[in-house]
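What follows are several structures.
One chain, chain A, appears in both complexes that follow, with chain B as partner in the first and chain C in the second.
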Partner chain A sequence: MDLVLQLLFTGIGIGAVYALVALGFVLIFRATNVVNFAQGEFSMVAAYLMVVCAVDLELPYWLSFIIALAGMAVIGVIFNLGVYYPLRHRTYLPVIIATIGASILMANGVLALYGPQPQVLPGWFDTPGIQLGPVYLDSQYLLIIVVTIALVIFNYWFFEHTMIGKKLQATSQDKEMASLLGISVSTMIMVTFIYSAVLGGLAGLLVAPILFVSIQMGSTIALKAFAATIIGGFGDVTGAIIGGLALGIIETFGAAYISVPYKDGFAFLVLVLFLVFRPQGIFGERVAEKA
Partner chain B sequence: MPLLEINDLNVRYGEIVALRGVSFNVEEGQVVTLLGANGAGKSTTLRAISGLAKPASGDILFDGKSIAGLGPEAIVRMGISHVPEGRRVFPGLTVKENIMLGGSNRKASKAELSGEADAMFDLFPDIRKFSGALGWTLSGGQLQMVAVARGLMAKPRLLLLDEPSLGLAPVIVQAVFRIITEIRLSTTVLLVEQNARMGLSVADQGYVLETGRIVLGGKPEDLWANEAIAAAYLGGHGKPAAGLAAH
Partner chain C sequence: MSTSSDNIPAVVITRPKPLLLRHAPYFIGAAIVVFLASSMQFDGYILNILMQATTFAIAVFGLSVVLGLCGQINLAQAAFFGFGAYAVGIGTTDYQLSYWLCLVAGCVMALIAGAVLGLSTLRLGGHYLAMVTISFQQIVTLVMINAIWLTKGPDGVSKIGRPSLFLSSQSYLAFCVAMLALVGYVVWHLPETRLGRAMRAVRDNELAAGVNGIDVFRTKVYAFAISAVLGGLGGGLFAGGFAYISPDQFSFAESIVFLTMSLLGGVASPIGSAIGTGLLILIPEWLRFLKSVPGLYLAIYGLSVILIIRFMPDGIWGFVTAAYDRMRSSKKVAVTSAPLQLKPAATGGDMVLEVTGLSKHFGGLKAVDQVDISVRRGGVHALIGPNGSGKTTTLNVLSGLYNATSGKVVLDGTDVTTMPPHLRAAAGLGRTFQNIRLFRSMTALENVIIGAERPGNTLTGKGDEAALTERALAALTFVGLGPRAMELISSFSYGHQRLIEIARALAANPTLLLLDEPAAGLNSTEKLELHELLKRIAAQGLTILIIDHDMTLVSEAAQHITVLNFGRRIADGESMAVLRHPDVVSAYLGTD
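== the complex of A and B ==
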C-alpha cells in the first residue's frame, strides 16, 4: 500500500508535465485546427534557457525562471509570425509541415549553439523532499503538482471568466464569425501561441531537474503529451489534463510492477488500445462543439 | 446622402463571377430587402458589405466613406453588423456569452456587456430562459433569436440580416419578423430573403437579384404588380403563401 501511494505521487507528478504540454497542443489545435509538432521543443528550448541563466550565468533561480518564461513568450510570437501567420489561409497540411520544420530548426539550433552533451539543472529547492507518513514527497515533484494545479485553476478562470477567454473560445469555434463581431482573430491566435509556448516552456522548466536537459527531451515529452490528448479526447481541455495525469500514473505503475525497460512502451500501448476501442478518447463525445 | 451606397459592385470567387455590376442604395431608417433564388448573389452582396468577400471592382460607401476592401473587424467597428446565413452561434459558448460577444466591436467592460445582454432579453423574451445554455443545444428559431440579438449588441447603424427565416417553422418565422419590425424603429436593415412575402412585408424597398445582377427594384407594391416577377420570385401571383419559402 505504501508503494502504491508513493507510485501514485510520482505518477501524478510526471503526468502533470504531460498535461501541461498536452494543454498547449489542445489550445493551438482549437485556435488554428493544426497540431503543433514543435510543442515539445518549447519545453526543450526553455530548459536550455534555464541552464544558460541559472547554471552558466549563475543568476538567481527565480530570475532565471522568469527570464526563461519571458523568452518562451517571445518565441511564441516569433513562432506565430514565422510559422503560422504566412500560411494561415492555406489548408492545415502546409502549416503542420511548417511546425515540423520549426521543431527540427529548434532542436538543431540548440545543438549547434550548445553541443550534444546533456546538461544537469538543479531543482528549485535545496531540500530534496519531505517524508509524509509512508510517502516520500520529492520537492521537485511537489513543485510540479502545485504549479500544475495553480495553472489548471488559472486556465479555467482565464477561459471561463474573462472576455478575452471568451473571445479566444469564439475564435477557435468560428473564426469568420468572430471577425464579423469585431474580434481581432490574428490577435487571438497570437495570444494562443504565446500562451502555449509559455505552457510548454513551463513544463520543460519543471521537468528538467528530474531528467537530463537534452536535445531529445522535447520529442520524448511531446510524444507522451500527444498520446495524452488522444486518450483524453482530442481538442478537449479537460481531456488533455486527465489524459496527461492518467498516462503518468500508468507508466509509473507499469515500470514498477511489470518492466522498467518497457516504461515508455506502456504509454503507447494505452494509446493503441484507445485508438482501437475508443478513438474519440475519454471526453470525446463532447466534440459536438465543432458544429 | 444614403447610409449605404453600392456602385457597380463586382465580386468573383476564383473564376466564378458572383456579382456583376450591382448598384443600389439603402437610405437611413429604411428596411431594404434583397430577393432572389439560391445562388443569385444575395449572400455575396452582404458578405462584400461586411468585408468577408473582397470586391473585384466597384465601390461600397457607408455614410459617404468607402469601405470596399476593408476587413470585417474594421467594418463592424464603423457600425455595420452582419448576421450571416446559418446563424453561426458559437456552439460551445452559452447564449448570454454569445450575445455579450456581439459587443466586441465597441470598448465596453465585461460588466457593461453583461448588463446590455440582460437588457437584450427584453426584446427576445423567448430565449431569456436559455441564457446559460450552450449554443449547440438550441433549436433553429432560438439560434436565430440569439444571432439577431448578438448582431444588435454591436449597436449598428446598419444591420445585415441573411435569410432569418431559413429552416424555421411558420410560427417562428412570424416571431422573427415581428422582431424585425421592432428593430426597424431604431436601426436601418438590409434583409436577404427567399421568403419573398415575408421579406417584402417589412420592406420600404425591394430588389430582385438574378445570377449576380439586379433585374428589378422598387417599392414592394410595384414588385407585386410585376406579374412575371411575382410568378418567378414571389411565390405566384396573389396566392397567400405567407410563411412558406418561395423558390
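== the complex of A and C ==
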C-alpha cells in the first residue's frame, strides 16, 4: 500500500508534465487546426537554455528561469513566422510535415550546438523533499503539481475572463467571423504560438531536474502528451489534463510492476487501445467535415 | 457551355498498341541497367553506395504510394524497412532458413504490421496517423534494442546470408536493381489503375470519393499496407547487401531521411523518389566533413523539409513536370463516342426513394426532424426551404455523410439507412455538392472515369479502361465539355466545374441523382443551360432530387416539391399547389 501511494504521487507528478505539454498541443490545435509536432521540442530547448544559463553561466536560478521562458517566447514567434504562417492556407498535411521538419531541426540543432552528452540540471529547492506518513514527497514533484494546478486555474481565467482570452477563443472557433469583428487573426495566432511555446518550455524546465536534459526528451514528452490528448479527447482542454495525469500514473505503475525498459511503450499501448475502442477519447467528440 | 463538338476534327481515342508492347522500352531500359550493374566493375565503395541507393529507393517508392498518391503520412518507414532487414538477418543466421523464405516473411510481417496500424488509425484524421506511426517507430526501436534474445540488441546481426544464386556483391546488386525496376514499374503505373485512381481521389477529396463509390477507408489501408510491404522488401534486400544490420539503421531519424528523400525528389512519382534517394545518398558522401558534428546532418534535413514544403511542394520532379503538364492540358481532344446512355436500375416499386421519419440532431439542435420524403420514379423532385431549414443536412444524411439519428431511408427497394457513402453509391445513389468537390489534381476525364467506375454500374461493359474512357467521354460530351476532357480541373470556370461534377455523377448511371444547389453561383445564361441539361437528363428517365433556391428553376423543372422549415416538413405535393401553400409563402416571405 505504501508503494502504491508513493507510485501514485510520482505518477501524478510526471503526468502533470504531460498535461502541460498536452495543453500546448490543444491550444495550438484549436487556434490553427493543426497539430504541432514540435511541441515537445519546446520543452527540450527550454531545458537546454536553462542549463546554459544556470549551470554554464552560473546565473541565479530564478533569472535563468525567466531568461529561458523569454527565450521560448522568441522561439514561439520564430516558429509561427517560419513554419506555420507561410503554410496557413494549405491543407493540414504540409503543415504537419513542416512541424515535423521543425522538430528534427530543433532537436538536432541543439545536438550540433551542445553535443550528445546528457546534462544535469539541479532542482529549484535545496531541500530534497519531505516525508508525509508513508509517502516521500520529492520537492520537485511537489513543485510540478503545484505549478500545474496554478496554470490550469490561470488558463481558465485567461480564456474565460480576459478580453484577449475571449478573442483567442473567437479566433479558434471561426477565423473569418473573428476578423470581421475586428480581431486581428494573425496576432491571435501569434499569441497562441507564444503562449504554447512558453507553456511547453515551462513543462521542460519543471521536468528537467527529474530527468536528464537530453536531445531525446522532447520527442519522448511529445509522444506522451499526444497520447494524453487522444485519451482525453482531441481538442479538449480538460481531457488533455486528465489524459496526461492518467498516462503518468499508468506509466509509473507499468514501470514498477511490469517492465522498466519498455516504460515508454505503455503510452503507445494505451493509445492504440483507445484508438480501437474509444477513438473520441474520454471527453471529446469528433466533428465531421461539412459537405 | 456549348454542347456541340461538330467543328472540331474528329480524333478517335484508341489504343495504338497492346500495353506490354507500349511499355517494352521501359523493360529494355531496365534490362540494360541490370546488365550494366552485373557486368561493370565497381570498387567496394561505389558498390556500397549503389546498393544503399537501390534498396532505399524501394522503401521510398512505398512513401510515394502512401503519401504521394493517397495523401496519408507514414513516419515509420524505417521500422518497416527494419522488419524486412531483421527477418532476413535473423532468419538466415540464427535459424539457417532460406534467404527467399526470409525475404517473403519480412514482407509479410511488414504487411501485417502496416495493415494493423492502418486498420486501427485510418478511420481517424491524419494527425492521428502521424502520431501513431511515430509511436510505432519508437516501439520498434525499443524492441530492437531491448529484445536481445531475438535481435541481439545494440550489437546488431552480422554475417547475414544471400541467396546462392547471387552470392557475389556484383550479382546481388544486379538482382536488387532488377527488383527496383519491377517495383518501379508497378508504382509508375499504379496511378492509372482503378486502385491508384481511388487513392488519388481519396487524397484530393475524401467526401467526394466516398459518394462516388470508393471505399475510402479500405483504399487508405491498401495504400498504407503497400507502403509497408515496399519498406519490408527494401529492408530485406538491404540486409543481404550489407551482411550487417543494427538498430540505429532503422530509427526514427532514418524514417525522416526516407521522408526527406521522398519530398525532395517529388512525392507524387517514382521518378521523383529515385531522384530524391539518389541525391540524399550522394550529397552526404560529397559533404563528409559535415558528418563530424553529430546532429548537423539531421538538422539540415529538418530545415530542408521546411523549405521544400514551403517553396517546392511538388519536389524536383514535380517542378520539372509542371511545365510539361501545362503543355499537355492545352491539348484539345475531339470525341466520336456514342451519346450518353442512362439506364437507371428499377428494382423497387413506384417510389425510387422513400424516407420515413428521418431525423438528424446535433446535440440539442434538431437540424432535421421527422421528415418524410417520397420521390417518384422518373420525375424531378425538389426539396426547398429557407436558409438553415435542413436541406443540405437532409442530403448529407441521404448520401451517408451523416448518420441519421432516427428514421429510415429506402433506395429503390433497398434499405440504405445504415450504409456508408460508398455502399449507397453502389446501391445507385449519385450526388453533387453545393461547394463543388472535384478531384483537383486530375483531368476532367479522370474525374468522370472515377464516376463511371461506380460498383454496380451496368453500362461500362467489361469495365476495362477503354469502356470506362468511352463512358466518361460520353458523359462529358453530354454536358458539353467533351473536347476539353484532357484538361486539369483548375483550368475550368466555376460553371464548367459544376457541369463536370454532374457528368461524374451521370457517368455512374445512378438510380437517383441528388443535386445540391446546382444553380448556386451560376449566371443567368448558365442557369438556362443547366435547366436544359436537367430536361435532357430527365428525358432519359433518371430520377432527380434537387435542392435549389432558384424558384424559377425549381418551379419549371420539378413536378413535385417538398418544403422544409426549421428541420420539419411543412408542405409536400404537386409543384404549383405547394408554392401557393400559405405556410410556404410565410416561411419565405414572413408573416405580419
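Rule of thumb we're sticking to: the second predicted complex is superposed on the first by the 284 of 291 C-alpha atoms of A that agree within 3 Å, B and C clash if a C-alpha of one lies under 4 Å from a C-alpha of the other, contacts with A are read in each partner's own complex, and residues count from 1 in each chain.
Note that in this section a residue touches a chain if its C-beta (ideal position, glycine included) is under 8 Å from a C-beta of that chain, and two chains touch if they have at least 3 such contacts.
No experiment lies behind these values; they were computed from the predicted model shown.
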item	value
Contacts of A:Ala170 with chain B and chain C, given as first, second, both or neither	first
Which superposed partner A:Leu181 touches (first chain B, second chain C, both, neither)	first
First (chain B), second (chain C), both or neither touched by A:Pro261	second
Which of chain B and chain C A:Ser219 touches, first, second, both or neither	second
Contacts of A:Thr162 with chain B and chain C, given as first, second, both or neither	first
Comparing the two partners chain B and chain C, which touches a greater set of residues in chain A	C
First, second, both or neither for A:Val83, with chain B first and chain C second	second
Shared chain A surface residues [contacts with chain B and with chain C]	288-289, 291
In the complex, chain A residues that touch chain B	162-163, 166-167, 169-170, 173-174, 176-185, 288-291
Chain B to chain A touching residues, read off their complex	50, 52, 71-73, 76-77, 81-82, 84, 88, 90-93, 97, 100-102, 104-106, 110, 113, 136, 150, 154
Sites on chain C touched by chain A in the complex	71, 73, 75, 120-121, 123-128, 130-132, 134-136, 138-139, 142, 146, 206-207, 252-253, 256, 259, 263, 293-299, 301-306, 309-310, 313, 392, 395-396, 399, 401-402, 433-434, 437, 516
Residues on chain A engaged by chain C in the complex (per definition of touch)	29, 34-35, 37, 82-83, 86-87, 90, 92-94, 96-98, 100-112, 115-116, 215, 219, 223, 226-227, 230, 234, 261-262, 264-265, 267-268, 271-272, 275-276, 279, 286, 288-289, 291
